[in-house]
Amino acid sequence: MKLIESQAKAIFAETGIPVPPGRIARTPDEARAIAQEIGGRVAVKAQVPIGGRGKAGGIKLAAGPDEAYEVARQILGMDVRGYPVERVLVEQAGSIEQEYYLSITVDRDRQAHVFILSSAGGMDIEEIAAQHPEKVVKLWLDAGLGLRDFHIRDLAVRAGVPAELFPQLAAIARRIYEIARSRDASLVEINPLARLSDGRLVALDGKMEIDDNALFRQKALAELKEAEGDHPLEVEARKRGLQYVKLDGYVGVIGNGAGLVMTTLDMIQRSGGKAANFLDIGGGARAEVVRNALEVVLSDPDVKSVLINVFGGITRCDEVARGLLAVMDSMDIRVPVVVRLAGTREEEGRKLLEGTALTPAATFQEAAQKAVAAAQR
Amino acid sequence: MKLIESQAKAIFAETGIPVPPGRIARTPDEARAIAQEIGGRVAVKAQVPIGGRGKAGGIKLAAGPDEAYEVARQILGMDVRGYPVERVLVEQAGSIEQEYYLSITVDRDRQAHVFILSSAGGMDIEEIAAQHPEKVVKLWLDAGLGLRDFHIRDLAVRAGVPAELFPQLAAIARRIYEIARSRDASLVEINPLARLSDGRLVALDGKMEIDDNALFRQKALAELKEAEGDHPLEVEARKRGLQYVKLDGYVGVIGNGAGLVMTTLDMIQRSGGKAANFLDIGGGARAEVVRNALEVVLSDPDVKSVLINVFGGITRCDEVARGLLAVMDSMDIRVPVVVRLAGTREEEGRKLLEGTALTPAATFQEAAQKAVAAAQR
Amino acid sequence: MSILVDGNTRLIVQGITGREGQFHTSQMMAYGTNVVAGVTPGKGGQEVLGVPVFDTVREAVRATDANTSIIFVPAPFAAEAVLEAAEAGVDLIVCITEGIPVQDMIETVQYVRRQGVRLIGPNCPGLISAGQALVGILPGRIFTPGPVGLVSRSGTLTYEVVNELSSRGIGQSTCVGIGGDPIIGTRFVDVLRMFEADPDTEVVVMIGEIGGSDEEEAAEYIKEMRTPVVSFISGRTAPPGKRMGHAGAIISGGRGTAQSKVEALEAAGVPVAATITEIADKVAEALGR
Amino acid sequence: MSILVDGNTRLIVQGITGREGQFHTSQMMAYGTNVVAGVTPGKGGQEVLGVPVFDTVREAVRATDANTSIIFVPAPFAAEAVLEAAEAGVDLIVCITEGIPVQDMIETVQYVRRQGVRLIGPNCPGLISAGQALVGILPGRIFTPGPVGLVSRSGTLTYEVVNELSSRGIGQSTCVGIGGDPIIGTRFVDVLRMFEADPDTEVVVMIGEIGGSDEEEAAEYIKEMRTPVVSFISGRTAPPGKRMGHAGAIISGGRGTAQSKVEALEAAGVPVAATITEIADKVAEALGR
């Protein structure tokens, strides 16, 4: 789960990482009041869970309260790459001398936490990393040893951070490591980490990603997740405990196992179609799960046909069939549904579905082709 | 540095390890008042920095306030293996069903913290370990991994602790590990860890050793050290920053390097004498240190002669000689002092001492023999 | 022959008293796996399916001389279960549990590695040496003994491939599901090394997916291998930046895309199949059938 | 020849700008040791005795290709200095600092060991290969090249022995002070192994003391050695339970006493000298002089 800037900054402030004074406004009037309170120049920043806000016009400076009212009026309600802006962060705009990039994340290849520091912050770090890899320095941590002061010194020296900033940098680095550990954050990013003209290092922007697997022990963050959500269908699917991702095609997909479902998407594309979603019912799914899955997929107005592709290992095909039958009893199915069942109890499963409105398919390929054809009819 | 029972228990209580209710008394009247407060049966325990209190009559039970007064009167002022009893701990005496032994210490051979648990607590654990090693189970910790619940389960199962005690035992074990880490304790011992008739585990006695090298970051404990001290000469030497141990002979010894000083003690014994102390002035000692060392040794009334044995590596013999001359200027030296200087600047050192009352010696052996002879004269 | 598990496997089931643990224990025993002990803290002394249950892995190992452990413990306790098994002295740990926090696995994988213990998973279907031993939740029924080694990040997809191979009369030596999590104990290259050393594995099928650079790293090693490798990459049409169930399947920047993996593999001379039937075709070809 | 340090040693001095660091750097350079860099955080860019100073060990290693580091950093920061050197990729770390908390060293020694880096010390005088390189605070002047390897828990006592040997015309290969702390990076048995493998070390002198069971463990290994070993144990008359300066010199129970050590060594066929002159006598005997 991703946290947006204001959420990340709230955690920064709690942990002792310096952030500019500021607050959330939901109306231009609130923005004016906050700017008044802060005094001087402020930044007004759209709070949306996506990058590239600046380029999209979602971040503007204002010289004072009236200008803050004006730019907030422009930003609130605008659409940043598909996300409507409902809140802006109004905060003090200091005088920036230098912008650094600092983050901690998980390196799956090295199976370790990795710190990343660059003197070329503020811009797209991935671009810098690609074009000037020497400007982005990394340090991998031993989990048993953790983060030590010499690690930070090593990073800072290699990234060309002046020695007088070491103590501030060390304090901030220790805190983002603490956040990664105590909040199960798989990414804590400060970009830019700005050196202001008074010499202070301040986190001007922050991003955070929380490990979904750890939400069981991150109650406070888990509540944020409930409240936020991306596409309404994704929120609904999550409530039902399903692994669902909304895509921009028209063939609804349900399968068991992420690899199998991804391969099903690939096969739909090979067959000339486009998938409307990814939905993995997981291993050993019971009828109830299948019913939930089909209900979510069918509630997507983009869906013109549905492909159910199940290979029974632990999952029993007869259970899947029973789930499908339950949906057909309870709701009117408005689009063609193609079902391919293979593996454990496939015979029993197929028999249960005989004589229903569902379209059977014998193979993976046949299923994809039938589903695409049905959608395009 | 060793902590006595009441100090260890104060730390236990602070950390959340259950201890019996109780307080320190310095007079029989105080003991009576505390017993009154606690109610029921109490234990009155001499607070001295040495083991074997029980056998020496330093621990007694009392049925009520008056008996507490009486036993406190007996114990206060008595001498436990050379230590006068100035304080007693008066605490509730519960009904004990079973006594366990639990400790964490440092295993120098395995270079790790080791947990030790036994169902045969209460008695001398070293005796049990020698005679019934299977009754004392150990577990070494990886510093990077630390203590985990499965470690405690493993220990408990092997030591035959009943499963219903696991949660209490786990909580206590985690806390003594926490004490070892946060307080730089090289030993935290609970013996006995008693299971009372109501099923609770309670630390009835506690011992703790704090790593002297870590006192720079253990301010609160360092203050205890100042206050306690063993032999007055040891306290004095510590104040002067010297490594000094009082022994029961009559030849005062000063040398540089622990190994050299220990070998000097051995040599004195081979020569038929007995050393009055161990005193290491360390490497690269300046004249000031030498002066301090000689003053401490000479202030010991048991000392009949002094042997100064220095091999100059980093330590310069001329510096040592200058320190000796300074003492001779400032105080009257009442016993023969034998000096053997070898190594760096030995010539210069010897020359400085020529014509003084000090007895020169050319070799290690000669020095020991002369010092012993001088003491016995 | 086979790799990792066989008739000499003496298996402990951690979490044997749970619903999942018990069900799959029965499946593994039915397949012929030698399940010697179960472990559930607090349930020592019981029996499950005739298998003795112990409170700790150490006790189980001492009593039964077990050399392998499989873990069905719930996610919040699974990493500790792996650590316990590693300290108790088994050689191979298979962690089926899904949903273990990444942070727990970083610590666990680093520790297990330095103890020199092999961990498969987590969030994996385990492994099977066809006709010899099943240590996992794979449907034993579809496997047939033969010369093809399989290694995969994805469970169900692998069953599809095995089903296709078996239906064509092409058997398998060992099939290893390494798991789809970002932090896993054993990666493609580790299993490829073992297959390369196994005289009875004549062809290897590697089933990858988008995310990470495991496949790219494997491609480097395959250049040195004598045993031919056939590959498949799922998620070719997945849009960048979307999570596809496996936390592993996240595309970030240019790395970890299906394209980068396919290119690396093809550069290493590995045929990359576009469909499951094509995998079987290419395996048959490599076997000279 | 020699062990651990020689003409190929390229040395970093951590804490070079301190009084101790600077003094001993001058001594080591005077002895001919190739000191290539110094490290003091915040003092990068300076020079000490003509040696460039860096902010971090990693920078120093990169710039100078150093392979060894010696540490003169104050006790509260010394363990971190060892860790930094280990991560920066040197092969050998010599920690002179005394007074490092035991807890810091447990963590450090365990980490350094798993990184495969050799640590000597802490609280040790370092080591010297006579006539080749001095990496420590030993008085170089008293050493003469020859066939005797020395390993010791005690500094000054070793100088006595070396002085005696040199005065009799018996030279030394390498002399290693392993330090007197309870937790040290390199123990007797590690150094004995190296001497056993060194063709130019004909006799080894092992100078032990009461406390711990390092000597007992060494005795076990000596049984397998071809190179003869002469030993000495200090503290034979120390009373039980008293601390004698070295935290190591604590006697607890039956273990770690002088008697237990002498018995173990004699059982392994090692002559245990009673005095320093006797050490030299026994070495001369072993050399056939």
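Going by the order they are written in, the chains are A, B, C and D; count residues from 1 in each one.
Basically, a contact is a pair of C-beta atoms (placed from the backbone, for glycine too) under 8 Å apart; a residue touches a chain by one contact, two chains touch by 3 or more.
Note that this is a predicted model, so its numbers are computed, not measured.
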Any chain that touches chain C and chain B: A
Pair sharing more residue contacts (C-beta pairs) when B-D is set against A-D: B-D
Centroid-based (C-alpha) most distant chain relative to chain C: B
Rounded Å distance, chain A centre to chain C centre (Cα mean): 28
Approximate Å spacing (C-alpha centroids) for the pair chain A, chain D: 55
Chain C and chain D: spacing of chain centres that average the CA atoms, whole Å: 47
Contacts with 2+ other chains: residues of chain C: 107, 110-111
Interface hub residues of chain B, defined as touching at least two other chains: 142-145
Chain contact graph, described as a line, ring, star, complete graph or other shape: other
Pairs of chains found to touch, sorted by chain label: A-B, A-C, A-D, B-C, B-D
Sites on chain A touched by chain B in the complex: 142-145
Chain D contact footprint on chain B (complex, rising order): 106, 108-109, 111-113, 126, 130, 142-144, 180-181, 184, 186, 211-214, 216-217, 243, 245, 247-248, 255-263, 265-270, 275, 278, 280, 283-284, 311-315, 342-344, 364-365
In the complex with chain A, residue positions of chain D that touch it: 41-42, 44, 55-59, 80-81, 83-84, 87-88, 107, 110-111
Interfacial residue positions of chain D with respect to chain B in the complex: 20, 75-76, 99-103, 106-107, 109-111, 113, 125, 137-139, 141-142, 152-160, 163, 180, 182-183, 207, 209-214, 217, 234-239, 242-249, 253-254, 274-277
Touching residues (chain side chain A, partner chain D) in the complex: 142, 144-145, 148-151, 153-154, 157-158, 163, 166
